[in-house]
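The structures come next, written out as structure tokens.
Next come two complexes built around chain A: one with chain B, the other with chain C.
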Partner chain A sequence: MPEPTQLSLLQPGQRATIMHIGGAIALRRRFIEMGIVIGETILVERHAPMGDPMEYFIKGYHLALRKEEAAHIQVKLHGDING
Partner chain B sequence: MTEKKIVLPTEHCETCPAFTQLEQMGIKVGDFERVIALAGNPNTGKSTLFNTLTGLKQHTGNWPGKTVTRAEGGFEFNKIRYKLVDLPGTYSLLSASQDEEVARDFILFGQPSCTIVVTDATALERNLNLVLQVMEITENVVVAINLMDEAKRKGIEVDARSLSRDLGVPAIAITARSGEGIHTLLGAVADVIEGKIITKPLRVSGTPEFQKAVNELVPMIEKMAPGIPNARWLAIRLLDGDARVQKALSTGELGDIVSRQQREDVKFSGKMSVEGRQ
Partner chain C sequence: MTTRTLFRLDYGSKLEHEINNIVAAFKEKNFDTQHYPQRWLAIKLLESDADIVEHVQAMPNGSQIIAVARQSTDKIKSTLGDEVDMLTADHRYGYINGVVRQALNRPSIDRITLTDRIDDIVTHKWLGLPFFFTIMYIMFRLVIDVSSPFLEWTDSVINGPIAHFFSYLLDLTQMPAWVHSLIINGIVAGVGGVLVFVPGLLILYFFLALLEDSGYMSRAAFVMDRFMRVVGLHGKSFIPMILGFGCAVPAVYATRTIASRRDRILTALLVPLMSCSARLPVYVVFGMAFFGAQAGTVIWAMYALGIVIAMLSGMLFTRTLLKPDSSSAFVLELPPYRQPALKSVLIHMWENTREFVRKAGTVILAASVVMWLLLNLPWGVGNQRDSYFGKVSGAIAPVFAPLGFGNWETGGALVTGFIAKEIVVSTMSQVYLSGEELQTKEPTTFSQELIGIGHGFVQAAINSGKILISIVPGINLVDKEKETENTLLSIALRNHFTPLSAVSMLVFVLLYVPCIATLGAIKHEFGASWAITSAIYQTAVAWIAAFIIYQGGRLLGFG
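Take a look at the complex of A and B:
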């Protein structure tokens, strides 16, 4: 099993499953409202020219998150043999 | 599902015997019998639907927070006059922002006859969060599944019938831009208001401990603000630690709003009757 990693550390094209959502209550709630829920698959689409924010694809739509926010989301990367 | 094509009044329409139902009334609301609230996520076409129904040209565009406060307009459907209130687009009603506060205060205290939740057919799942939240506050809800043209282009099929059954409220597929499905939508709204359709909104019941806590709080809230339209919802908000609801209850603000509501019926409190359009 790969260790969960921060969503903010993923590269474009990588796909991962959401394992844990951290941060302050208001931020966690906001994540959930935007469809970031445990068990959901998220794809890293691309990043802005300066690397921040990142654009993700989840639940059929595109979502931009600051790296600072995405760092609160723990994910398990797909594609590993044991993943 | 067969949808009626666009029927918007033009000069020809008025002389056409087939034209009956929808008359756009713009801002000349005047006397109205019913108030309809339009809620929905940002960028789902709420303002487009608002314009289609009222004939107004409320600015529509692709950015969040465009509808800063609510916009109002009127229309007549099957000889009944409606006032339509376009609420700011929000993902939630849990008051993280002023937009959400405006939207939820209106649904909660403005007591519209019916609330239409406009959803995006291409991202329906995310939109259902708001639908569930609105259905916690009020039973008179109709879901408009908008942007059906875009969904078709993307090869997305939406089973409105199953969605209606699962949610316990009518869910109608529409394309606000072309007017498709609008009459079916308004028919459903009228039926809900007239009680021809009895809704049974899906509500998350939670654990027995949660239900017990809600049941204990409801009578206390009703005592603090007699006549409050939805004590259950407020109880849930209190359990969630909602500072805004706590404050409104403890300062008597909620009680004041309710009594003012009762006195003035459909008139809204000063804060909420700020009219505006961008």
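Take a look at the complex of A and C:
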């Protein structure tokens, strides 16, 4: 299994499991409200036209995060599953 | 009470222990939880929910309970090493996941939905931005061009049948001449001048509600976020900024959807720089008087200048008064696309327009009366130059001299523009054309006028439909006669302005102090100091920009 990495570093099509959530309290609360919790699977969908923010798929819905914020989320990349 | 056991989520032994502790404290400290269920209140206190803590503080013995709860919260934090609301959220999600897993068989996650296919285009790397700008372009063509026949119709109804009707009533009740003048020249003309924007706003808000309800708005925020960040804003700030092209008042209120206060304030400060629909009549009148076929270009340049100044202002504020803070995170759901429900679109459209009409009914009404008084006092004043209005305008006119329009008429028009920017035009036509009867009244009957209203509406609908079709590239059903106009007002303007000072004037009108209703909205949302900041900042920027254009233009040999 690969080492834990930042969610912001993943490429579209990659899937990962959330391991740890960092950042300021307000931001962590916001993440939790939106269903970003430890153990959840998250799929990277696409970059916005100017590269940032990025669109993710989690808990059956689409969520946009800036890379700056996604960097606070530590994930473990799934094996060689593409798409 | 029924014997049915109520659902109760188990938060784990440590949390449960503290919850029970707080519930026990309610009894011990003789605390009446009133209408709140005990367990629920205990959980909220344990989570340090700000609103609930505030409520409980105000209840008898509340502060003792809060002290108990705070102890429990700290205990959890030190033993479990995490915030209580994080832990409770974890337990709730855990439970939800369990239920969902048992009850729902999710189709494979990789299934491509219609939403995915639409998003492949509208948020595409290369196509996303062109798509967004096309949508915006269509919206503006709809708002400005398609509504214009209805705008003319509304104008003719207010200044025709409605003014005649009041005139008739006043004659019938034998009111003195000054009452007649106050109502017809003051109130009907003032409020009517604002209500003519209603058709355009209805179309704008209809379109915006359509974008919002279909789900495209959050894609627009997604696509534009990177761009907005350069200016120090949030992707969501885009929606209030777009609304600002209609009217800044609902746009300021629309900032409520933005999570961080800092982002809300910055957005509200930039919104009035978007050229609102009230400024359009000023551009049109000057454009037709000075630039003929080029009027459209001049008008577009004004919109573009507003956007550029807003961007520069955003960068300036981000580096000075409003430094970015950590609360302005971009965490946004992109909901599935839905077919907008007509009813909800109409409700949105109506509520936003009502806000504008209410403004016309209160602020503008009061302002129109004050304006009329200033123009007609001291009592029996013959020449407007000698009225209080003329004196005030004369006193401030020298301030505008370096901008190319230091005469008292323009100064006065700009002062009245503080009430609402479109009033600049009506004041100018009042002061330049005073004494000239604008139109000779032909005696008409009530039924004739009713038929006229209906006929005019049908005609407006036909013209509007033609323009609508003409938006499709290559089709043109409308013969645009964009020659320089020769109305009385145009001639009067050409006597007082050069093309260069006209441009300088338009830039000043675009940028100077937001109208009183907008400042009222900013004060309502963020307090008086931000409203004052906005007023001073924009007036300063307007003066500097107009100064650069006029003096720079003269150096280059224009005007």
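In this text, the second predicted complex is superposed on the first by the 78 of 83 C-alpha atoms of A that agree within 3 Å, B and C clash if a C-alpha of one lies under 4 Å from a C-alpha of the other, contacts with A are read in each partner's own complex, and residues count from 1 in each chain.
We take it that a residue touches a chain if its C-beta (ideal position, glycine included) is under 8 Å from a C-beta of that chain, and two chains touch if they have at least 3 such contacts.
Computed from a predicted structure; not experimentally measured.
Peer 1: Quick check on the superposition: with chain A as the shared anchor, is it clash or fit for chain B versus chain C?
Peer 2: clash
Peer 1: Between chain B (first) and chain C (second), which, if any, makes contact with A:75: first, second, both or neither?
Peer 2: It touches nothing on chain B or chain C.
Peer 1: Considering only touches as defined above, state whether A:64 meets chain B (first), chain C (second), both or neither.
Peer 2: Touch status of A:64: second partner only.
Peer 1: Among the partners chain B and chain C, which is in contact with a greater number of residues of chain A?
Peer 2: If we count touched residues of chain A for both partners, the winner is C.
Peer 1: If we overlay the two complexes on their shared chain A, which of chain B and chain C does A:30 touch? Say first, second, both or neither.
Peer 2: both
Peer 1: Quick one: is A:7 in contact with chain B, with chain C, with both, or with neither? Answer first, second, both or neither.
Peer 2: neither
Peer 1: Is A:43 touching anything from chain B or chain C once the two structures are fitted on A? First, second, both or neither.
Peer 2: Only chain C is touched by A:43; chain B is not.
Peer 1: Kindly classify A:52 by the partners it touches after superposition: chain B alone (first), chain C alone (second), both, or neither?
Peer 2: Only chain C is touched by A:52; chain B is not.
Peer 1: Tell me which region of chain C runs into chain B after superposition, given the options 37-45, 433-441 or 451-459.
Peer 2: The one stretch of chain C in steric conflict with chain B is 37-45.
Peer 1: What is the shared patch of chain A, the residues that chain B and chain C both contact?
Peer 2: Of chain A, residues 25-26, 29-30, 32-35, 60-61 contact chain B in one complex and chain C in the other.
Peer 1: Which bits of chain A are touching chain C when the two form their complex?
Peer 2: Against chain C, the touching part of chain A is residues 24-35, 37-38, 43, 46-53, 55, 57, 60-66, 69, 83.
Peer 1: Could you list, by residue number, the parts of chain A that touch chain B in their complex?
Peer 2: 25-26, 29-30, 32-35, 59-61
Peer 1: In the complex of these two chains, what residues of chain C are touching chain A?
Peer 2: It comes out as residues 83, 85-86, 89-90, 93, 106, 109-110, 115, 119, 123-126, 128-129, 218, 221-223, 225-227, 235, 259, 326-327, 329-336.
Peer 1: Show which residues of chain B lie in contact with chain A when the two form their complex.
Peer 2: So the residues of chain B in touch with chain A come to 91-92, 94, 96, 122-123, 125-126, 129, 241.
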